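Both of the next two complexes hold chain A, though its partner changes from chain B to chain C.
Up next, the complex of A and B:
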């Protein structure tokens, strides 16, 4: 390799470059998106799983009889589907960083650990929202707008954008908590089990307010707007607290 | 084993500024001490080869020195003049690691991998640097191919390019020759020879011949403790081999 010296490969940096957290954040984002576009592992598996959950709902509800009003439990069903599909994808997001020691390479770089958290949580949120754009309309058609022969109540649901807003705020919490817990569990033997066991209890307060918010919109009863906004505010506070805690604790969780 | 004392003073004398200082470094996993009270100083631009049986604590020591694992207890260490506990970010900017694990993203192309790490280290003019490295590791023709399709040798060459991206002052090599074909070994030899003058190297190896050939300093670890540390000039090769065989025979239990 005679050309090596000529390339200046052996020369050290005279001045070390400035570190830009924004550049590092964008790099992780771009890398995760490029990886997903190539493998389609997370979005495809979450999307398929979401559709399968809808089929299972349909089978289960087909036995409830005509006097059962599906819209009364639609918000709960919707969130259940989102929680289950999220757990599947969130696990994959950190396994990508683990298979060949990539997380070590990431940790060896001069990057603030919370930037890694923010970037991973952002890509997880993006993938969750993409899956929801596909799966939620199908759910809406089946269980809210009444295109399929399950019994629906005599109600007019609130505007769809309120449902979309509720789901987006919920997804922010799911992505934040999920990224944190996936990081905790990735180095453990029972990582699928650990994520599932920790995820639901930590998410419990968020799920509670989101069900209340979405139930109010889907039910469309008088004054549903105030119930919706009150619960959405609760969800936003939960997200702020959990994401701030994750931001502070991420260093400790990574152990370096 | 009396003649093989921990001859730190002799080794230190080779240079004024140490690139690596370890003082009472320990690392435990539960009750097991993987690294136990390790102290040594390595001069700048030296090449240290670390030998020892499996489980002796070689990789753990590298991980502690590279900030990937915290020190257990009171010990301290610095690399390139920066403390591993309190100045980790500054240290990381000056450190490159080549391991038997490629630390690459197999679903990304070679170019995407290097681009990603160039952004993590905020390297100015990344294209220029990436071109330079592809030429150096002879992978220019595969730069747009996905790493998953690379042979072991090519992956390791990519790993070398990744480690050299930020022009590190200190390079840690964790069994870098393991699984390499002769051509890839030759490229690694050549790369080390070409950059040796400006960098401090620490290499973990099971290959005594290769390790001693490259090293200016040698260290044998057993059960997390230093059995021998000295300049290779002061080491009598056959006696060293005998000691190494004895240490490997002791195992780790």
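Up next, the complex of A and C:
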């Protein structure tokens, strides 16, 4: 530790325990979960917002009539709901960090910077998945299993775990990139608006392949498995590239 | 024989004034070349397809090599037989400009991303300036691509069945380019919404690098996903090969456009540098002025002067004080 010796801080060094990365990660995770359990702010607002979006879908589709096949657009509606709710949640997750000075506290603490990104992304992913467990079944009942062609047996949707897998992969991408972009947007004047402007174009390729994958599953036509797996592979490649980029770039925006 | 390292060191030694001269020469040359290509495209270039028909089975690319975006049942189905495009003449003429402009926009975006990475590494404001100006140039060429592309669309994709071939919004390539325009606009919105020069520069650079990932994905998209529109993108025309009389104006136009792009970029960088110098001089002048007035004790006097000048009233009060 030449830098510490030069400043005479080596005397302090034994005071700072050598905390492993895993413990740092767990500590931030515990902080975020405890905060959420006390306020229940993120999950409640996201869940309620998701339900409201479902109501808006009902209003928008109320004039379509019985011959309209909702399952053709159900995947798009589902992802739209998830994009809107996740943008709300991502902003919430970072507003505390910014307004109450938690991010500065994290930077002062002996924590590696990449750990901050990973922990924040994990909590965002966790809350997104919790909200989806509540909202997606309601959506499925309203717009897929409750639609006329499915009731009549003309369309047999694929297995539910395929939809769950697609949504999980989508949520991983949303949480990874969203953590970076939310950190940028809370430091700007526009906040929610800036997050939307930055987030939706970056998410565009992921959303496109996910809609293709989920639409194939919900449609359940012949050969939907190959379409699903090819598009899920595309989504996974995109996730890997973009999250790696976000992971590297997060270092630069901290403490500017 | 010139060694590469000598050449590069000579390039580095070019002063700002010389760079400006080169840019002006390139702007003129690029304008001439683009005009020449324009004239050639309408005079010497042969029409490659007089009756531009598409044999439908050939564009139905085999699903094994392309990523399907929908199950076969839900793919947009074109009618049987051949498709005659209504305006093949115009769709060929716009080709000479649409492709170079699109290439230039991607190249400028790449240049901007490179300078963004350099900025994050060195924290030099000059790299940030170059990255920002690169983004401005990207905006110009992206708009050019979209305008020429929509002209192309009307000429090539409206066909003899009297409707747009396929649904335009189901064509991922078009939307990918719209997303690129959104990126460039978002970059400037972000910069405006952040306070502080360093924050602006850092956030802008980070977003540029993240947004640049759309370029390889866009490239892969045009080639890997299944087409919803038969044989209608320039990438397909380039693959099928070109007549020499068509290739010449195309290459001339690419060179002309590249020169224009470089010239726009360099001239804007020079302008911004001059503006920065002017800001520094202004600040120095203000400091010097306020210092000199403090020494004489006339700071309040100067304020009254300027207030009077703004209001356009007579400065009798200050004159009294001076007296």
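By our rule, the second predicted complex is superposed on the first by the 230 of 256 C-alpha atoms of A that agree within 3 Å, B and C clash if a C-alpha of one lies under 4 Å from a C-alpha of the other, contacts with A are read in each partner's own complex, and residues count from 1 in each chain.
Criterion: a contact is a pair of C-beta atoms (placed from the backbone, for glycine too) under 8 Å apart; a residue touches a chain by one contact, two chains touch by 3 or more.
Please read all numbers here as calculations on a predicted model, not as lab measurements.
When the two structures are aligned on the shared chain, A:197 is found in touch with chain C, with no touch to chain B.
Legend: residue contacts after superposition of the two complexes on their common chain; A:83 is shown touching neither chain B nor chain C. Shared-chain residue A:188: touches chain C; no touch with chain B. Residue contacts after overlaying the shared chain place A:104 against chain B, while chain C stays out of touching range.
Once chain A of one complex is fitted onto chain A of the other, the partner contacts of A:224 are limited to chain C, with no touch recorded for chain B.
In the superposition on chain A, A:94 makes contact with neither chain B nor chain C. Shared-chain residue A:46: touches no atom of chain B or chain C.
Of the two partner chains placed by the overlay, only chain B lies in contact with A:26; chain C stays clear of it. By the touch criterion stated above, A:35 is placed in contact with chain B alone, chain C being left untouched. Residue overlap on chain A between the chain B contacts of one complex and the chain C contacts of the other covers 256. Residue ranges of chain C in contact with chain A, taken from their complex: 67-74, 120, 172, 175-176, 179, 182-183, 185-186, 189-190, 193-195, 198-199, 202-203, 205-207, 209-211, 213-214, 217, 221.
On chain B, the positions that touch chain A within their shared complex are 66-70, 88-90, 92-95, 97, 99, 101-108, 112, 116-117, 119-124, 132-133, 135-136, 138, 146, 162, 164, 166-167, 169, 187, 190-191, 194-195, 197-199. On the chain A side of its complex with chain B, the touching residues are 1, 3-5, 7-13, 16-20, 23-24, 26-28, 30-31, 34-35, 38-39, 96, 99-102, 104-112, 255-256. Across the interface of their complex, chain C is touched by residues 72, 177, 180, 184, 187-190, 194, 197-198, 200-202, 204-205, 208-209, 212, 215-216, 219, 221-224, 226-227, 230-231, 234, 238, 241-242, 245-246, 249, 252-253, 256 of chain A.
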